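Each chain gets a letter, A, B, C and D, in the order it is written, and its residues are counted from 1.
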Amino acid sequence: MTGVDRIVYRPGPGELAHTFGARLPVAHVRSGDVLEVFTQDCFGGLVRGPADLPSEVCRMPYLNPVSGPFFVEDAEPGDTLAVHIAAITPARDWGVSTTFPHFGALTSTSRTATLQPPLEERVWVYGIDQQTRTVRFQATGSDHSVDLPLDPMIGTIGVAPGGFEARSTIVPDSHGGNLDTPQLRAGATLYLGVNVHGAMLALGDGHARQGEGEACGTGVEIATTTTLIVEVVKGVPTPWPRLETDMSIMSVGCARPLEDAYRVAHHDLVGWTSALTGLHVLDAYQLVSQAGRAPIGNVCDPNYTVLAAVDKALLPVPGAAYQGAHGRMRRLAAGLR
Amino acid sequence: MTGVDRIVYRPGPGELAHTFGARLPVAHVRSGDVLEVFTQDCFGGLVRGPADLPSEVCRMPYLNPVSGPFFVEDAEPGDTLAVHIAAITPARDWGVSTTFPHFGALTSTSRTATLQPPLEERVWVYGIDQQTRTVRFQATGSDHSVDLPLDPMIGTIGVAPGGFEARSTIVPDSHGGNLDTPQLRAGATLYLGVNVHGAMLALGDGHARQGEGEACGTGVEIATTTTLIVEVVKGVPTPWPRLETDMSIMSVGCARPLEDAYRVAHHDLVGWTSALTGLHVLDAYQLVSQAGRAPIGNVCDPNYTVLAAVDKALLPVPGAAYQGAHGRMRRLAAGLR
Amino acid sequence: MTGVDRIVYRPGPGELAHTFGARLPVAHVRSGDVLEVFTQDCFGGLVRGPADLPSEVCRMPYLNPVSGPFFVEDAEPGDTLAVHIAAITPARDWGVSTTFPHFGALTSTSRTATLQPPLEERVWVYGIDQQTRTVRFQATGSDHSVDLPLDPMIGTIGVAPGGFEARSTIVPDSHGGNLDTPQLRAGATLYLGVNVHGAMLALGDGHARQGEGEACGTGVEIATTTTLIVEVVKGVPTPWPRLETDMSIMSVGCARPLEDAYRVAHHDLVGWTSALTGLHVLDAYQLVSQAGRAPIGNVCDPNYTVLAAVDKALLPVPGAAYQGAHGRMRRLAAGLR
Amino acid sequence: MTGVDRIVYRPGPGELAHTFGARLPVAHVRSGDVLEVFTQDCFGGLVRGPADLPSEVCRMPYLNPVSGPFFVEDAEPGDTLAVHIAAITPARDWGVSTTFPHFGALTSTSRTATLQPPLEERVWVYGIDQQTRTVRFQATGSDHSVDLPLDPMIGTIGVAPGGFEARSTIVPDSHGGNLDTPQLRAGATLYLGVNVHGAMLALGDGHARQGEGEACGTGVEIATTTTLIVEVVKGVPTPWPRLETDMSIMSVGCARPLEDAYRVAHHDLVGWTSALTGLHVLDAYQLVSQAGRAPIGNVCDPNYTVLAAVDKALLPVPGAAYQGAHGRMRRLAAGLR
């Protein structure tokens, strides 16, 4: 690393992207750089109150915009891009969640197609208090409100996919994208396999918080200022998105049906654990089977997301993943505050 | 309640059951009774070391035996049986886990049928230390051992199904059965809809601990002495198994594919929350979507299991579920120690 | 074979069964016997016109009744019961189909649970003309009627399951049951693995015809007089239901998700083909991949059904399946007319 | 239509495409034009014998190449592109099929991920005889060969997807793509919704024949000369690919799990039937449920494919679909010979 730059990016009008891939970069970053990005919410900021029904105020495919892509110097196919989330700050004092016709886990959808009329579309506006670190739920059809913990996350982050593809930002897959997992909070490092020259990192779709599975189809959707640190790990491929925190390593699986997302994540974590520690693959399978966690990300997007997680303290040789990228960036992030 | 009896049951030779339904009761219990039951492990105690491959020492269908059924007086179809788990004590100082041909999440199976040879069958023996509350993993193909927290649970518990059915104890469904969720630990109350005269409660398949999804197909399988308190909630039906702890209410969904298990659990929790609190059903959907947890039970049994959970503190009127059965039995359990 | 008896069975009041397993036999039959059975329709004959909504006139679990079980002498676990369908005659000049709340392929269901109101329940009455071999569709909300070919089939046929289970007659699985495939027409021989002493064959749920997948949840439901010939094939196990016609052999897979039903059927057909002909298993896989058919049975029952079929003329040694049971019973059936 | 041109296109070196979308057109065509296209096989012609294992001779992502895209004049988003398949002629006297590591219905895959070693990779070479209209299967591990009917089809055909996406040619979805259904034979008209200016039609991946589901992951793969006629149907959107033959109309569903592909296809066919004929949607549901066919396309690609089909003779007003495009192009095609 030859010096740390802080790149600040705020997308101008018309600059937001709706795909991963097939977009020209908006800025260049280098390994070790700090990147501060404004991200718009998944509705493009157009849903601000109960009357702003997404199906009326939003226009397909202009949903779930991301900021970027950022060209990462020296990132080539076969490398891994390590992205540390240093901070996610809500950009406004409110967030919003909605039902949406034929989208969500408890409704028929364009794929789970039925002849029933769609579920009612409705908007919930949440107050966000950064002092108390709370998000306030207010019922719309009954008299109840309650504070939930503020737990900001990035819903959508990824690189350009391989195979010359360009994928909608609604889609999570091996290139990342709309992973929609609460594990993507500050303090986590995301590892993404690089598919194209320059990686082409982009992100958006912040949530003030989200339940497991994002049942209604949306989290508490917010605009954010998100601070990242990036590092290129040369010559190390990464087949599926992976996460590292101080405590755990995690693999992300995206697929339908949901059990395939579970299989992908656990297959990757077992293989990763075995490669990282020298454990026989069946021993890794056994250890993950008894000690693993499997938090569900989303059960509403074009691919569903499940994570497989295991604590590093349980493994023979903890902490050496990706040449120590997590620890290095974690320390760098601590120095930023 | 007209007095508390403590029924102690230890199955004699040949007395273990392999179905829910179509079995005569082994004992009678009444609302408020304390039931202390010895449960055998899922291998019938026949897998004791690395050489005891389940496919050789066990004989189908004599797997996953349960103790019972217990006839619960005054339990009739349309009622709910509330079962509080007061204690789960490992009966031995060891437990065992195995792979098993064509069973588990990361292998082809009898249903996800492929032409590949089966994954290798292997046995792991765990030491259990009740003083330190630990379970010791010992790798078999590499040199690594590590202590995991002891967290005993009951894998299989249920009542006779309706519709004159008798279901293998391997199966989880709306009658309970092989739910295989770590949430079934001491301190939890399980609500089961009664389908037949006397409910016919049975249980077995203890685990010293289990990861989410039970990826390899088994937990750390143990025999236990399990202490339950039962109560009949008259005139209240329960469509799917539900759980209550001091902190949360949870619904259990069992289905394939895994997203249907998620849907069943969340559909039930949303409806339960709405009925319990008066929240509009869409408000309940929204609150669960942002504040809910969705712990995966199993991704290996004939039906997969997902839970939907929400904290009672977030609801308008907490704690009144099932006429306060959980709190009542919780206090009774506290007096047992 | 030591003589052919013709057993005629018409269930008396209250004699219909709603499970496979856990029922005492209604009659005994021997290998080679001809069995003539009256079967009631899936609604128990209670839906006779537009006003007879199934959810109102039928009572759970008294749906989909079967006639039997028949104790087959000399049938023991590990044997195969070959059942040739000699004739299926509609018992009335009408049949009926309906939508049903939360049942069917294009509606949310108890498992694919959504928060939407159920699809409208509606009844269609079909006229059946055995002279012209037609079934007359009459639209209910528009002015259109059209004749469809009469193509009678048995929706539900099976033996007692193993493992001491009793399964609802709504369920298709390895024991047969509610397979709901149009391939179960006169001229076909069904092979079922015997799980219990006496096999315990039962059948019902005739359809005057049915589209592939039974999208709305029901076929053109009819009562029938069905003529069967049974034969016990000693010492030959059958893991999943299989069919043989003059032209083809077919394996039946029952599972969720639907791809697992496809996998089960094709895995079985590939193995069956290989064992029957000596083809290497990968050659059998290849031949089935290019020459096979995969007719969908149902996409609405608790397990979905897919068949895998290949023409006997394409195989090295055609026609020797199950010691020639199909041909033998086919000739016997021809003599009956 | 203002005159019929015949455009002949044979891709030059490096001209084949591996995505739908994000490619510049190779030629322009107008409504009514005849397009004669050489298509390479799915292996790019590199698998020619038993020693040419695809995983060795092919390089990802250079599989499943398509010829095109063709810019269709006057085709705009919201229109439908009608593509009539006039002829599919095998370009060589051989075809080839293979297993492929972790691809196919009876193997674990990158999504249905297991810890088992992959199934053996093997190549089958088929002789194609256009005189006898046969395809000759030759076993590789046993001594058996047999002639199958030649039944050429186009596996992959589609337009650029919407939402700025570019999708791998391996993927079938609402834009068409790798549908892999035997119904795409000469005589069929395919309707595709136009998503981008000029539609951007491309095609490839011919099969000399294919079983339902393409179980092993490939058909009898061939290069072809394919003759198409195209027509733009202005102002008529098409949500999912549809097919019309002289006998039937069909909708194509692409999704995972397989039941969702079934649902998509049947939901579309019911809606199409209702819109085309004035039948009440529940009457259309009923008629399709009893008279419909549901041929499976593929159970191996990133999305599975199921079709829903109904005969036009059964509908109130047959044949008027898409302003008679099928009949018009059918007659034009007849004049070509």
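Convention: a contact is a pair of C-beta atoms (placed from the backbone, for glycine too) under 8 Å apart; a residue touches a chain by one contact, two chains touch by 3 or more.
Predicted, not measured: the structure shown is a model, and the values here were computed from it.
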Chain whose Cα centroid lies at the greatest distance from that of chain B: D
Pair of chains joined by more contacts [C-beta pairs], B-D or A-B: A-B
Inter-chain centre distance, chain B versus chain D - centres from mean C-alpha coordinates, in Å: 48
Distance between the centres, which are taken as Cα means, of chain B and chain A, whole angstrom: 33
In chain C, residues with contacts to at least two other chains: 106, 112-115, 119, 256-257, 263, 266-267, 270, 282, 285
Contact set on chain A toward chain B in their complex: 97, 99, 105-106, 120, 122, 124, 135, 137, 139-142, 144, 146, 148, 209-220, 256-259, 262-263, 266-267, 270, 277-280, 282-283, 285-296, 299, 304, 306, 314-316
Residue ranges of chain A touching chain D (in the complex, touch as defined): 18-19, 21-22, 60-61, 110-115, 162-168, 253, 255-257, 260, 263-264, 266-268, 270, 281-282, 285
Contact set on chain C toward chain A in their complex: 106-108, 112-119, 257
